[in-house]
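Labels run A, B, C and D following the written order; every chain starts at residue 1.
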């Protein structure tokens, strides 16, 4: 085990389903905290938005036969676009759709494939929203997480957490927190926080996958 | 002095002016308390109402040459009717107008004259508002005060205070406190409280009158 | 509060109304709001008024098809007789004036005095008392029912009758009929804050509500743990139907107390409609909005008015006021 | 709050709107509010929308002379593209659809996606961004100015142009001109309470206020000790005139945030009029009321729109919607 810190490396449809469901559970559990963060520098809806969106994702997954990782992520992305609204709906929706599309229709992908596809998804988010790391948005967690995923799931989780926390001293330059100017300083960004939740759910899914013997 | 507890007994226009101004000062000082009482079982305006009304009385007195007690009270009553509104405006206005009219145009009146005229004023209030003692209104202070004034100013003050306090356990049957039904129990009636203020002002004026040698 | 000082709140508001509504003549000093074209020849005039803090009632209902003039008192304090006499003199065309009076001791006493004074000046005056609030038992032990939401119905329908040329007795009779066929119930989810007091008129902890409140920030008849919109609708409709069992269709007013968002009020309206449907009450016309308010109080009231063809026609007749306008 | 559960607040409100306004078609499930007579032949259609909680904006502005359809999102959350595409399809007569979009990241992204999808379906779409709030500096360091009170002006004036038969480019150009000539500033005297959160969105101690707030319960640019109505009016007018120095007369909107009593709002309006007069700004038309709200937030905003003869004519043109109606 010690010399295999990074299993599993074969990620199938089942893995992606479990990731999305784990993410939905985490969002549901943490929705109030996300809303609380959003009420400090936003409009107090981020938790409710993502809870609604991921509930729709869970439901759509249950009703879908899809098995390819890419198709599952694209399905989830479309749900977020149709059900969330706000800034986070199109942004997270685009993240998952682009990541999914980049993965193509393979039945199994590697962590390296996922890291690369996530990088494409994150780029699409940056393009759509016009934000860059340091602007105090979800990108502050997503960009380092995508980079670190090339190394390991755990590294991605750590990078996302660190990125989310690092938004605290930043002044927002995108999204509604930017309206606050300097008053946005001192608060953790809700979107970066939810991004860290999603990446944590990914690492947890990988942990369980490994435990259940699904890894290499 | 001890056998003269009830001087003064010659009440001239000056006395009535001083009574009204002392009353206006007391109302101004106690307005917040009256409003507080009115917010428990009414609509939180009794203090503001009387402050506005008695400020107008003070101003009207300053602009009037009247010297007859009856004319002064009638003038004050008309001001209250024109400036207060609400239940207390017409009721207190009628009290002072009727009391004044009953005193007629004499330049000086006795305490007994005043007691009798006040009784007529209180009757007019009862007729106008349709209330009786025990209904938790200003009458609970005014009726015993008018009766006791036949004895002495101090007796009137004590009776008014006692009457006001005695409204606490009563259930209101008139005015907006009656809408509360049993929930009106346990609160002192604002109008009875302001009536006690006016009677107290009368007794204080008498005390000062006596001190200044204006009494018999 | 968005005010200068408590003492000038009403005068400031009247200056603001004057600048907002060129179709009204607003006498700020004497506190009378009059249709600019008053007196309208050969028409019975309607004058109402009451304490301020219930806006748009009454000033917002002055105009063709509704009130001829309104007299705003201090906040939650009935106006004084001088205002009503002045208003009556400004709008009387010789056909007489109907005073629409909400049943509160203060309003009744002041309007009574005004009616005497106006008649001394040769103006023919009739009065109608509005007392629709079923939260108050009308008995020897109360000042009688309060006037609340039905005031809007009385002013609209009697105003339309006056516009149609009805004589004073007829306008008065219609006003009385509307009142007799109307009932209301109100609930508060918060107290309100008067400028003079500067703090809530009573303490209502979050998670509790007051049932059976009036429109003056008084506590209601009963305090309970918070209820859902659905439960409140059932409670209000049942309380009303306990007292008035309409066989005809009704006018429905779902009225916000001022501090309840329109979003919530529309949702409450949906529940009131459901409650009425379940009880087989047909709704002919409906109005949802903040019409008879209690400053910033959160809450709502429901008013039903049983109508017939004639009243329905009067309801649909054109009206052109700041707060209510339809028809040509 | 007067609700059932937070999750159904918007659906409940739409059911309530449907029952209140027979002149609208309300698709509760798909969250689209449409003029009953849509599509109107040979007329450019206007579609707007945004988060709920700002009522009567936008649903209350659907009707002849203003919007063809509105898409309400969840509370303070922009609607999703599906709603806008559905609305566009329902109202397009073939002459194209103008999307009126308040400048928030969420609204912009969702309407952009919708525009692409609608164009895929063969509907011609133009968009106008409303960004009138001077509290936000429009720079690289912000998401740009927020859209607030000017939305009403854009919807009314562009709606009138569409009614008058103008083609899509012209309606779009008018909308853009109105936005470019409009500026707003808002203040909050309290936070607001969203159903999802259930408690105020921020803590504002009594005796303090927030200057430069938006319409989503966000804190403003600056917190200060309570100011008088007069001081707030001066502050708001100066902030606006710093940025827009009108040489023509203006349309004035004195808008309540929802929790401020109309009594106070009229008083504030008087102070805004005074402030404008002192600065030699002529007011052509004025609107005072709760039009672009933030749920139960206490506070107000001021919007000025510099107009010319053409825009004035469009303003005076008839409009018949639940919340705004005048003319025939």
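Convention: a contact is a pair of C-beta atoms (placed from the backbone, for glycine too) under 8 Å apart; a residue touches a chain by one contact, two chains touch by 3 or more.
Treat the numbers as computed from the prediction; the structure is a model and nothing was measured.
Trainee: If we look at chain B and chain C, which chains touch each of them?
Mentor: Where chain B and chain C might share a partner, there is none at all.
Trainee: Using mean CA coordinates as chain centres, what's the chain C-chain D distance in Å?
Mentor: 29
Trainee: Let me have the rounded angstrom distance from the C-alpha centre of chain B over to the C-alpha centre of chain D, please.
Mentor: Between these chains, centre-to-centre, one finds 54 Å.
Trainee: Centroid of chain A to centroid of chain D, CA atoms only: how many Å?
Mentor: Once rounded, the distance between the two centres reads 33 Å.
Trainee: Counting only residues that touch at least two other chains, what does the list for chain C look like?
Mentor: Counting only residues that touch two or more other chains, chain C contributes 75.
Trainee: Which word fits how the chains touch one another: line, ring, star, complete or other?
Mentor: line
Trainee: Got a list of which chains touch which?
Mentor: A-D, B-C, C-D
Trainee: Under the stated contact criterion, what part of chain C meets chain B in this complex?
Mentor: The touching residues are 6, 51, 73-82, 104-106, 109-110, 113, 135-137, 140-143, 146, 194, 196-197, 201-202, 214, 216-219, 221.
Trainee: For chain B, which residues are in contact with chain C within the complex?
Mentor: 35-36, 39-45, 47-49, 52, 81-91, 128-129, 171, 173-176, 178-181, 183
Trainee: Inside the complex, what are the residues of chain C that reach chain D?
Mentor: Against chain D, chain C makes touches at 1-5, 8-10, 12-17, 19-20, 52-53, 55-56, 60, 75, 189, 228-230, 232, 254, 258-271, 273, 286-288, 290, 293, 295-296, 298-300, 325-326, 328.
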